[in-house]
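Chain lettering (A, B, C and D) follows the sequence in which the chains are written, and residue indices restart at 1 in each chain.
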Amino acid sequence: MAKETIDRLRRIEGQVRGIAGMIEDGRYCIDVLHQLSAVKAALRRVESEVLKNHAATCVEDAVRSGDPEAQREKVAELIDLFEKQRR
Amino acid sequence: MAKETIDRLRRIEGQVRGIAGMIEDGRYCIDVLHQLSAVKAALRRVESEVLKNHAATCVEDAVRSGDPEAQREKVAELIDLFEKQRR
Amino acid sequence: MAKETIDRLRRIEGQVRGIAGMIEDGRYCIDVLHQLSAVKAALRRVESEVLKNHAATCVEDAVRSGDPEAQREKVAELIDLFEKQRR
Amino acid sequence: MAKETIDRLRRIEGQVRGIAGMIEDGRYCIDVLHQLSAVKAALRRVESEVLKNHAATCVEDAVRSGDPEAQREKVAELIDLFEKQRR
């Protein structure tokens, strides 16, 4: 997952830099706002990758460990994360 | 959880009925839109209640069962749900 | 717009009532959560209808009035609404 | 608006670079996900600044112009933008 996700983050970095440049150039606000929407959409894709990776690694480790406390902790973390995202 | 959540849903039902009445009465669109936002916020609170209840019951049962497949299924369901909500 | 939007709100009312019934019947939490997502999606469609109707009527009236203050008020209302929705 | 908004975008750029670093360092996924949420929140603040600036400049120009077509175009752009953001 890492390489692909890091590449995506580099592109997002460039997009953010590009938006700053648009504002410096006095580009039309609506165009800037659409670019900001595009960056948020790209971040959501990164979130999806990280989330799926988390399920396949950290959460899977807790399942294999057979340790109920480790498993409860993983579930609580996920629910806490999603509660924050939906606010 | 059930009684409190069902009461909240009854109130939401009433709010939705109220919005239909606002439109029938030709009420100002912006007021209708703010009411729609309020209903969505109330639904998010119901989601939180149901999600926390799910963690404390269904997911907890899977943890206690010690059955890795049941646990994996619970995690996959949660991730699938949150992926849909973030689209 | 009204008839179509009111019909949609009636259906949403029924969906909310249905969710309360699911909880009373002890239906699986994840199914309830997916239904809640469906109701929120339906509400977003109602929002779109009301918003477009607002633009075509109330905002259009302000444009035709040629009254700058009325126009500023319309713009301020829209921006306030969207700020709230994005929180 | 520009200076403050550009500074905010520079910080966001740094945050995105930091997240890539977290992933390279194998930091815990949940910490990465919370950082991604923080970046999205920061982007929403930039959106608010740009939107308010747009209302005070471009939209205000259309109001002062007294040109109904220019005003209609501004309203249509705003509604289109918010429809995209709510999808």
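By our rule, a contact is a pair of C-beta atoms (placed from the backbone, for glycine too) under 8 Å apart; a residue touches a chain by one contact, two chains touch by 3 or more.
Everything quoted here is computed from the prediction, not taken from an experiment.
When the partners of subunit A are compared with those of subunit D, no chain appears in both lists. Chain centres here are Cα averages; for subunit B and subunit D they lie 28 Å apart. Rounded to whole angstrom units, the spacing between the C-alpha centres of subunit A and subunit B is 23. For subunit D, residues touching at least two other chains, in rising order: 44, 47, 51, 78, 85, 87. Viewed as a contact network, the protein chains form a single closed ring in which every chain touches exactly two others. The part of subunit C that touches subunit B in the complex is made up of residues 2, 5-6, 9-10, 12-13, 16-17, 19-20, 23-24, 28-30, 32-34, 36-37, 39-40, 43-44, 46-47, 50-51, 53-54, 57-58, 77-78, 81, 84-85.
Those residues of subunit C that touch subunit D in the complex are listed here as 44, 47-48, 51-52, 55, 59-60, 63-64, 66, 68, 71-72, 74-76, 78-79, 82-83, 85-87.
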